[in-house]
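For reference, chains read A, B, C and D in written order, and residue numbers begin at 1 within each chain.
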Amino acid sequence: MIAVLKRGVTSEQKDNLCNWFESMGLSVNISEGDYHTIIGLIGDTSKVDIELLEGLSIIESVKRISEPYKKANRKFHEDPTIVDVSGVKIGGGNFQIIAGPCSVESEEQCLSIATSVRASGATLLRGGAFKPRTSPYDFQGLHAQGLQLLEEAKAKTGLPIVSEIMNINDIELFQNVDLIQVGARNMQNFDLLRELGKLNKPILLKRGLANTLKELLMSAEYIMAGGNENVILCERGIRTFETYTRNTLDLSAVPALHELTHLPVVVDPSHASGISRFVERMAMAAAAAGADGLMIEVHNDPEHALCDGAQSVTPAQFDRIAQKVRKILDAAND
Amino acid sequence: MIAVLKRGVTSEQKDNLCNWFESMGLSVNISEGDYHTIIGLIGDTSKVDIELLEGLSIIESVKRISEPYKKANRKFHEDPTIVDVSGVKIGGGNFQIIAGPCSVESEEQCLSIATSVRASGATLLRGGAFKPRTSPYDFQGLHAQGLQLLEEAKAKTGLPIVSEIMNINDIELFQNVDLIQVGARNMQNFDLLRELGKLNKPILLKRGLANTLKELLMSAEYIMAGGNENVILCERGIRTFETYTRNTLDLSAVPALHELTHLPVVVDPSHASGISRFVERMAMAAAAAGADGLMIEVHNDPEHALCDGAQSVTPAQFDRIAQKVRKILDAAND
Amino acid sequence: MIAVLKRGVTSEQKDNLCNWFESMGLSVNISEGDYHTIIGLIGDTSKVDIELLEGLSIIESVKRISEPYKKANRKFHEDPTIVDVSGVKIGGGNFQIIAGPCSVESEEQCLSIATSVRASGATLLRGGAFKPRTSPYDFQGLHAQGLQLLEEAKAKTGLPIVSEIMNINDIELFQNVDLIQVGARNMQNFDLLRELGKLNKPILLKRGLANTLKELLMSAEYIMAGGNENVILCERGIRTFETYTRNTLDLSAVPALHELTHLPVVVDPSHASGISRFVERMAMAAAAAGADGLMIEVHNDPEHALCDGAQSVTPAQFDRIAQKVRKILDAAND
Amino acid sequence: MIAVLKRGVTSEQKDNLCNWFESMGLSVNISEGDYHTIIGLIGDTSKVDIELLEGLSIIESVKRISEPYKKANRKFHEDPTIVDVSGVKIGGGNFQIIAGPCSVESEEQCLSIATSVRASGATLLRGGAFKPRTSPYDFQGLHAQGLQLLEEAKAKTGLPIVSEIMNINDIELFQNVDLIQVGARNMQNFDLLRELGKLNKPILLKRGLANTLKELLMSAEYIMAGGNENVILCERGIRTFETYTRNTLDLSAVPALHELTHLPVVVDPSHASGISRFVERMAMAAAAAGADGLMIEVHNDPEHALCDGAQSVTPAQFDRIAQKVRKILDAAND
């Protein structure tokens, strides 16, 4: 960590500051310039609170050299982590497709989609039972009953299941869910992350709408700091000024995260664009970018239902997407 | 609500759609153009799920005419709401200053700041007991003990207290807190909002870092839909590309919110800039912009403590700010 | 176009407004609701100034149904445009790679890179002679001499050349440049666009750092309105809150632009991330997303020169990228 | 400037790099940590190209300590600059209001508004003759004739005039314009800035829609580097995700710019919100924030004309705004 002092700082202030750093077990290295004094801090700076430091009136700026996340950091864990979701491995060369309906609606819908996506090559079944909606008047999901329907579909198809949690108090309901998802709006719900860190179950952590990759990794660190290191990261589109697509899929996040962390990275092209006709191309692009998996929304009859999101593809479209993605993966690894 | 159909939609598709709208109790008005058909929907459209509608393959775009929030909407509630916080009124011409430390640290710190800000004109005492921190390794607050210290300061100074909640399960701990704050990162923690809607206690709802005013109002609507209409909105800076200040204070949010809603609007100039030397000017500007109140962080000894945020002012600086703000208010209302 | 009137507008105001619309040759269709009156305008609304309309005190909001760009609009020109750059075709199934140095530095550098990228499969040579730099103290390019060096490389390799223009007064210097590039910072330099619209030469128009796709298309329309319809669009990354990469490559722009316009779309993965080690993956992803071409920076000796951008790859890396991209294209079109 | 080297850099690479720095006249100070080597550079680093340095494969990151702008930097010029616009002083305690129509339309309109705003206390007359419009089909201004009408209004009222330039070739037409404005979209039109740096006439430089304050200062530096140090900066709203207002006025830019630079800072509340009914409050807030002046659009008869922007106020509204602003200034300076 480097701290730049303002011009005019007295020797006494400088000494006090250095003593404080040394009291935290850090070594201090000082360079004096004409306009600035630069203090280099060597040692374990992950516990130094950068915002507090920046707040001191004698400090001009502070720069971290070491990242404040340790368990998620690839520097200290060179091999890629392979997360095992009830027998399905993700990461380190294991590519998986998670597919299923946006919301679980009925036994028939859930089972029909599960059967169909398994036939097309999906290896994990997703389905929403608790839905974060911006309006209190919109459908909020079937809750416990939705999870029940997912478990039945799992019993019949053998696909491990993935569903989103919104509330610490629901953790018990998720005991048969194989991969618990934290949605974008809860990426910085630190109390929820901390509780999930106490579980022995994989967590799929989605990037927030306006969050940086480092913030995503700090949120993963919250989970890992509690002892649960089975975290899968998910890029699902960020908010930009573009309004033609609902969000903007940031595919450079894939190589960037692979450089910063050892955790697997999956891409959700359905939420990112919010437009089902773009899912095929963006799924192919994500595979070409090196993602460890995809998460795709599939609906059995979008037109008839009159209540399915713009972002869901039909089982037939999903089958074609899965084939295209396999071809891209073969070409990329050729 | 207006729905624009794509070119080439068949009469049958159009009829199905119109029947569906009519089954929801809406009147339908159709205009046919050369390239598009426009459907105007008249009636209570707040229950129409706009994302679901946009998902239909026959729809080109949808535009709401009526806002999806009703209880927060000024159109249906012309007079400004005055929220009563244990006797201190905010809104509708009642301007209040909330002040206090970022984090509650000790009895002495808390009481000393409370006494001092009351003398300068603050009418509510703020203090953090549960702190949302991006790193799991940073100080997270004194929790129940912090709330206890605030209650003691309240007992001695008479100032009603304001503190941030992060977790549904902590609601019981907040029974003596007079105004419960929801932080920016929890603005869309819908389960938390829903629970707060069941209380009979004022809520201070902060705008999320990358959220629009309409999203803020939808979150207020979550609280109000549960029956708790005592909501105060807080502008505290949004994320922009500017990095010199931590966030960008959006003061046009003040007149904009006053137009869109009847709820009071307070401004937090401390978090917005993250720089204590800008707090005075931004507090003055917020008062000039028509805010119903301010929320300002005050620390008793920023230098010595070596652990206070860049955003806190000293009691002496706060006293000067409070005086300046009163002069601006007098000038603005002259 | 739809205009929503405010509540309380008088019949006379409504009549005046409708008369004004009709005087512009538009048909008017009125729906009256309880809270709003909606006016649908049918006819050629591309000349209605939407900002001016929104300015009227009786108007609540305005929504365009037809896009304000006509020549660039795919609705009126269904087949993809194939732009011919001195014999090299781009678009409509013709995929091309543009490669070359960020800045032209010397005869030897320029020719060596040109020879090498041609051998790897590049079909157009790029090189900067006029460089937009944020600091007046940074290297600004070799100007006329740089263009001269590009022309010599073209004479020896047969590759048509691409270079960026910054100034109307330089147009004459660009007479032997085969494809004139407009940089991101000049995307809304309307006077420059208008002059380029008078030429009979292809233009490569880059998307601005914070511009939407519709704004990009309006800028293309400026060029096309003058008679020059040979426009190639370029996605080169947009500004977001992510700082690990210099910009964020928006690959959903590729299918989105193919839907909105008939013009070809190329992707520049070098500028987008600003990190050479990400160029391979992002070039592959762009090909998978359906781009009509790529623009890649190549430098002959990044290390030795001590003055090459983080974003350039070596000729050997470029060769590998070109091979990977061809495999992805084959897989995508399989 | 500080450069952090990657782990595993060889001594030879390190020596080469240090020799290169020393060849630029810089002193080098090295700190070796377990994971990183930090190189501190002392001396005039304004000519070190930071992007080039970041591009080296041995570099992990680079941080500037000294800002790359010198002439605009308050560190080297402590007193505020007072710009003299044909006798009207701005900055250093001199507050001025620039007012006038968005576009100059006719002799009668221009003179009538000029007379009226002068009576209300405006000291400079603004008017657009060259209008940057996103659509080539929208009105682009009266050009030379518009400047002519402004000059006539100046002759009759004595108010110095302000108008926007879009094109190097128009400089001659602006010889009687007292303050030349560079619009937000041209903030990084570096060739235009360089030419304006050769004039002996004040320049009003507007901040770009998605630009940081440091980028604004680098653009000011382009003008100043040519010898023209009469630059006035203008905050006019930045692009954010908020859509209720057209842009978001960043008032913390006022104290921030006053800290970073000695140049005067004016605020344009009309363009920022795009909504005339917010201009009064935002003008008051800008004055309270410490701005050196305001720039306000005024139209003589918005309703009748049917072609005025939402952002213009009437002369009567302007008169009230000017009074309110004076009261706020008195209170702020009390």
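Rule of thumb we're sticking to: contacts are C-beta pairs under 8 Å (C-beta built on N, C-alpha and C of every residue); 3 or more make two chains touch, one makes a residue touch a chain.
Since this is a predicted model, take the numbers as computed values, not measurements.
Undergrad: Based on the averaged CA atom positions, which chain is farthest from chain A?
TA: Centre of mass proxy via C-alpha means gives D as farthest from chain A.
Undergrad: How many angstrom lie between the centres of chain A and chain D, each centre taken as the mean Cα position?
TA: That gives a centre separation of 39 Å.
Undergrad: If you average the CA atoms of chain C and of chain D, how many Å lie between those two points?
TA: So the centroids are 27 Å from each other.
Undergrad: How many angstrom lie between the CA centroids of chain B and chain D, rounded to a whole number?
TA: The mean C-alpha positions of chain B and chain D differ by 31 Å.
Undergrad: Can you list every residue of chain D that touches 2 or more other chains, as numbers and ranges?
TA: 210, 239, 241, in rising order.
Undergrad: Looking only at which chains touch which, which shape fits best: line, ring, star, complete or other?
TA: Graph shape, chains as nodes and touching pairs as edges: complete.
Undergrad: How about chain D: which of its residues touch chain C in the complex?
TA: 20, 46-47, 49, 51-52, 54-57, 68-69, 132-139, 166-169, 185-186, 188-191, 194, 209-210, 215, 218-219, 221-222, 225, 239, 274, 276, 302-303, 306-312
Undergrad: Within their complex, state which residues of chain B touch chain D.
TA: Where chain B meets chain D, its residues are 210-214, 238, 240-245, 248-256, 259-260, 272-273, 277-278, 281-282, 284-290, 324, 327-328, 330-332, 334.
Undergrad: Which of the residues in chain C come into contact with chain B in the complex?
TA: My answer: residues 2, 4, 7, 29, 31, 33-36, 38, 40, 42, 60-61, 63, 65-66, 75, 210, 239, 241.
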